[in-house]
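Next come two complexes, and both contain chain A; in the first it sits with chain B, in the second with chain C.
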Partner chain A sequence: MSKANTLEIQHLRTVFHTRHGDLAAVNDVSLTVPKGKIVGIVGESGCGKSMTAMSVMQLIRKPGEIVSGKILFNGEDLLTKTPREMQAIRGDRISMIFQEPMTSLNPVYTVGHQVEEALRIHEHLPKEELQRRAIEIFEAVGIPEAKERLASYPHQLSGGLRQRVMIGMAMICKPDLLIADEPTTALDVTIEAQILALMKKLRDENGTSILLITHNMGVVAKMCDFVYVMYAGRVMEQAEVFELFRNVQHPYTAGLLQSIPRIDHVVDRLYAIPGVVPNLLHLPDGCSFCTRCRYADDRCFSTMPELKEIAPEHLIRCFSTNSALAQAAEQSEEVQHA
Partner chain B sequence: MTKKIVNRVLVSIPVLIGVILIIYVMLNVIPGNPIEVMMAEHARQDVIDRISAYYGLDKPVWEQFLIYLNNLLHGDLGVSYKLNRSVNSLIADAFPYTLKLAIAAALVSWIIGIPAGILSAIRENTIVDRLFMGFSLLGVSMPVFWAALIFQYIFAYRLGWVPVSGAETWQSYILPAIVLGWSSAGTIARLTRSNLLEVLEEDYIRTAWAKGLSQAGVILHHAFKNALLPVITMMAIQVASLLSGAVITETVFAIPGIGRLAVDAITNRDMPLLQGTVIFTTILIIAGNLIADILYSVIDPRIREK
Partner chain C sequence: MKNLKRYSPETAFGGKNERKDLTSSAKKANDPDAKLSAKDRKRIQLAADLGEAETGWDKIKILCSENKLAAISFVVIVVIALMAIFAPAAAPYDPTKQDLLHRLEGMSPEHIFGTDQLGRDVFSRMIYGARVSLVIGLLPTFLSLALGTVLGLISGYLGRTADFIIMRLADITMAFPSLLLAMVVMYTLGAGIVNIFLALTFVSWAGTARVIRSQTLSLREMEYIEAARSMGVSKWHIMFRHILPNCLPNLIVLFTLNIPGSILSESSLSFLGIGAQPPMTSWGLMVSDGKQYLFTNPVIAIAPGVAILILALAFNFLGDGVRDVMDPYLNKQ
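And then the complex of A and B:
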């Protein structure tokens, strides 16, 4: 493990024990966030991207459980830490922001109190110093009238401001890793652009590594250095971001890219990947995507393909390679001509 | 904030007047002259008439009501027919007993109910949870008079730890406070548990965990305050009803409080005393709700602004 990586997840498996059997929300996922980089996890709802993040934070609630794997953070395995040690890391070295800025702040405390609290837990500072740092971080995340805003309650702020508060709260201890779980999904596009720009700015200024979870390929293109595409708890494709968009290989990723509506093309019907995400309790024997994949053959239905490198640092979990790409490209042509 | 409280107090006034009117009408539609009922069968009619006139019962009902209302405005609840003492002084004598019992019972209820609710929520579906919820179900469902008698038998008669009844020493309040407090504690514990479980699912609780707070910090600082609102309503209603006199408990334990006073008034058809106790308890309940409303605003900034 090199020190250049802030986070290195190795063969992580997080399982939910349900009445109908064990359900692997995260299945043998390996992922690396190099220092100072923004790494994206993309996928549909229920693909395990949030559960991967919650596993890193070790906030998986029963009946969920991390059953195997390693989560190396700055070289140390978080899974061997005691709950108390994890508490000291959470919010200090690793912090997290969530999808819903509207409901992610406690309605009965002022935002100033909540931001200062994040700092107070980890650093014992006098009250004036806490307040000074809170004002400083509010200014850094672009909250106007920072000092006055400390006394505001969450319901008095707009969604964009609340997400800025959340980011401020997450960044106040200058963490090494920021996990952002769909941070802009609930915001409108202009605010989304501002929040994304803010995260990039904070990364550039503090060298914070960011694990960005999203289902939005546009956000990936704008933000990420490296991307992991997840499906049904597994990584299906991983590549450096330009490589991925230029040389998409996995039929699932191709489908995702094809699903983005384009303003300069007139179509009758927007493209969607046929079928639905399989029930994690009843996954097909072979590749978990086989039931929705137009290129699937007998082998796909019987054997789960391993991740294999098809270009430098570009891995896919698929038997077919270039054929899939060619056909996917052909298909998108068809859509364009339609 | 002050303006809000003043408004809220002003709104209570018509409620109070309405309640007084209803009570007065209800008690006066009961047929029969209360003096006649109280006197022996062969009392002379001129004596009955004279006593009725003394209490103003010979006047038309609407005039009696206006006189009563006028006296009430001057803080005078009238004179008891049976005891020939002012209702004010009777209530003043009885209230300290009820107050002591209410405070003791409320303390038992909160000190047991709230921690039991919190623990049950944290240890949801474990033995601890089942045990606490079982006890609270028992407290809620046991009839008070039955529990009182069983407790008296075991702890006073058999074990001799506390007096059977009366209100002479502080020890006499232990049993009635436990009997009353247990049943309120049951309600409080169940309400605390269910609200806390609901709040623990909220997004801001996840945020609190992600900040690196301890379990105690998450639950006591972030979840409890949000779960408290409905519990406070219940606490205010319970205290108000405890202060209005626990009729059965006071009777079983022979505590001369407001509840006993009301029971005696009903038995003796002592209308001024009954009206007095009912109006007094109405004021307490209105005040209880008022305090709950104010506490809401103190806790939740969103309510404060409305």
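And then the complex of A and C:
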């Protein structure tokens, strides 16, 4: 393993033990976040994106459990750490931003108090120093009148400001890895652009690696260096971001991209991948996407395809490739018409 | 005749309430959300008034004018508390000084509530007895609240085995009639003021624990708790620094509503002879002593009885008032 990778997840499997059987929220996921890079995880709701992030933080609650795999952070396996050691890493070396800026701040404390909290826990600093650092980080995340704002309560701030506070809280200890779980989903697009620009700026300044979880392909295109597409707990396709958008090869990713409404196309009905994410307790025997895949054949229903490399650093979990399948489908249609 | 001048189409067809609404808050009448009940509207108006109030004192004034019963209750409690604190100055006589020549006298200018079977001044004894009643009202309530809060937080946040053990203990405690349980504890520990604290704490922690547990269960799923965990905050720190402050409104309401129960329990225990012991006195004990003379001089039993009633009612009304203030409707502002 090279030191150039901040985070390297190997064959991670996180299972929830339920009354109806074990449910693999994260199934054999391997991913790498190189130092100073932004890596995206995309997928529909319930595909295991957030659970992958929570596994890294080891904040999985019972009945969930990480059953196998390795999570190497700067070369050290986090899964061998004691809870106390993990607690020291959380918020200091790895920190996290959540989706809802409205509910991610404790309503009974001032934002200043909350921003300083991570510092208070991880670095024992005198009060003046705490405040100085808090003002510094507020200025860094672009909160105007930083000093006055420290005394504000969360309900006095707008959603965008609150998300800035959240980012400030996460960045105050200058972590090596920032996990952003849908950081802009609850914000409107102008604020979204500002927050994304801010995250990029902080990455450039501090060299922080970012694991960005989103379901927004636009955000991926704008932010990420490398992308993992997840479905039903597994990685379906992974590629460098330009490669992915130029050369989509998994039918699922193709479907996701096709579902994005285009302002320059007039359509009666927006495209959606047919069906819903399968119940993780009753996954199909073969490929987990087979029930919704328009090209699925017998083999897809019986065996799970392995990840295979179809171009340098471009892996897909499919027996064929989307372009080949689409071509074949077109031909068969032509045959029918003839 | 004045009513004629006020005649208008609204008053002609609308009921009395409708007119009141229109005049009291004109902008509310235009509110598109007409489904709101009159009570809700009143609360929204109150919330707006509170938001405009600049100082804490202004807020208190608004709240007092809104809920006069609670305001009066608060004054009553303060007066009783002051009398209890400055009992040596407030009491006209020494509460233990016997005067056997003037036993069982009725109400008179010298002895407002007469004298008891040993010729002691009932009014002075009531003032000293208020000390016991107030301390019993406040301290065990506070102790049981503290115990219930800690156990409720542990139960709700840690869950699993701790939750099971604590909640089953709470079930067992609540399955017994509380007075019976308190009597059992008192008989085991022996009579005395400290043991009353323990007994009352022991019988009343379970309700608090349940309320705080359910509150904790919902709060622990909040994103800010998750965020705190992701920052490396320890679980005890989360329980006491992040969840507890969010339970505070509930705790304040529980506190005021539990006080009358404690006062009444102490009175009952003292009445049964296992509470405060002579020469110390409490209102419950005075009722107990006075009951033998109910036919000859009823005032010596009735006066402390009425005092218990007034104090308990005052705390109840104050609790209701506090609960209204803590209502989420008002907190939203």
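In this section, the second predicted complex is superposed on the first by the 321 of 338 C-alpha atoms of A that agree within 3 Å, B and C clash if a C-alpha of one lies under 4 Å from a C-alpha of the other, contacts with A are read in each partner's own complex, and residues count from 1 in each chain.
One rule holds for everything that comes next: a contact is a pair of C-beta atoms (placed from the backbone, for glycine too) under 8 Å apart; a residue touches a chain by one contact, two chains touch by 3 or more.
These numbers were taken from a predicted model, which means no experiment stands behind them.
Enquirer: Report clash or fit for the pair chain B and chain C bound to chain A in the combined superposed model.
Expert: clash
Enquirer: Check whether A:G69 is in contact with chain B, with chain C, with both or with neither, and answer first, second, both or neither.
Expert: In the superposition, A:G69 touches no partner, neither chain B nor chain C.
Enquirer: If we overlay the two complexes on their shared chain A, which of chain B and chain C does A:G43 touch? Say first, second, both or neither.
Expert: Touch status of A:G43: no partner.
Enquirer: Between chain B and chain C, whom does A:Y153 touch in the aligned arrangement: first, second, both, or neither?
Expert: In the superposition, A:Y153 contacts chain B only.
Enquirer: Check the residue A:A118 against both partner chains and state whether it touches chain B (first), chain C (second), both, or neither.
Expert: A:A118 sits against chain B and chain C alike.
Enquirer: For chain A, which residues belong to both interfaces, chain B and chain C?
Expert: Residues common to the chain A contacts of chain C and of chain B are 57, 59, 87-92, 95-96, 98, 100, 103-108, 117-118, 121-122, 166, 169, listed in rising order.
Enquirer: Can you name the residues of chain C that touch chain A in the complex?
Expert: Spelled out, the residues of chain C in touch with chain A are 160, 222-224, 226-234, 237, 242, 245-246, 248.
Enquirer: Can you list the chain B residues touching chain A in their complex?
Expert: 202-204, 206-214, 217, 222, 225-226, 299-302
Enquirer: Please name which positions on chain A make contact with chain B in the complex.
Expert: Counting only chain A, the residues touching chain B are 57, 59, 87-92, 95-96, 98, 100, 103-108, 117-118, 121-122, 153, 155, 166, 169.
Enquirer: Show me the residue ranges of chain A that touch chain C in the complex, using the header's touch definition.
Expert: 57, 59, 62, 87-92, 95-96, 98-100, 103-109, 117-118, 121-122, 166, 169-170
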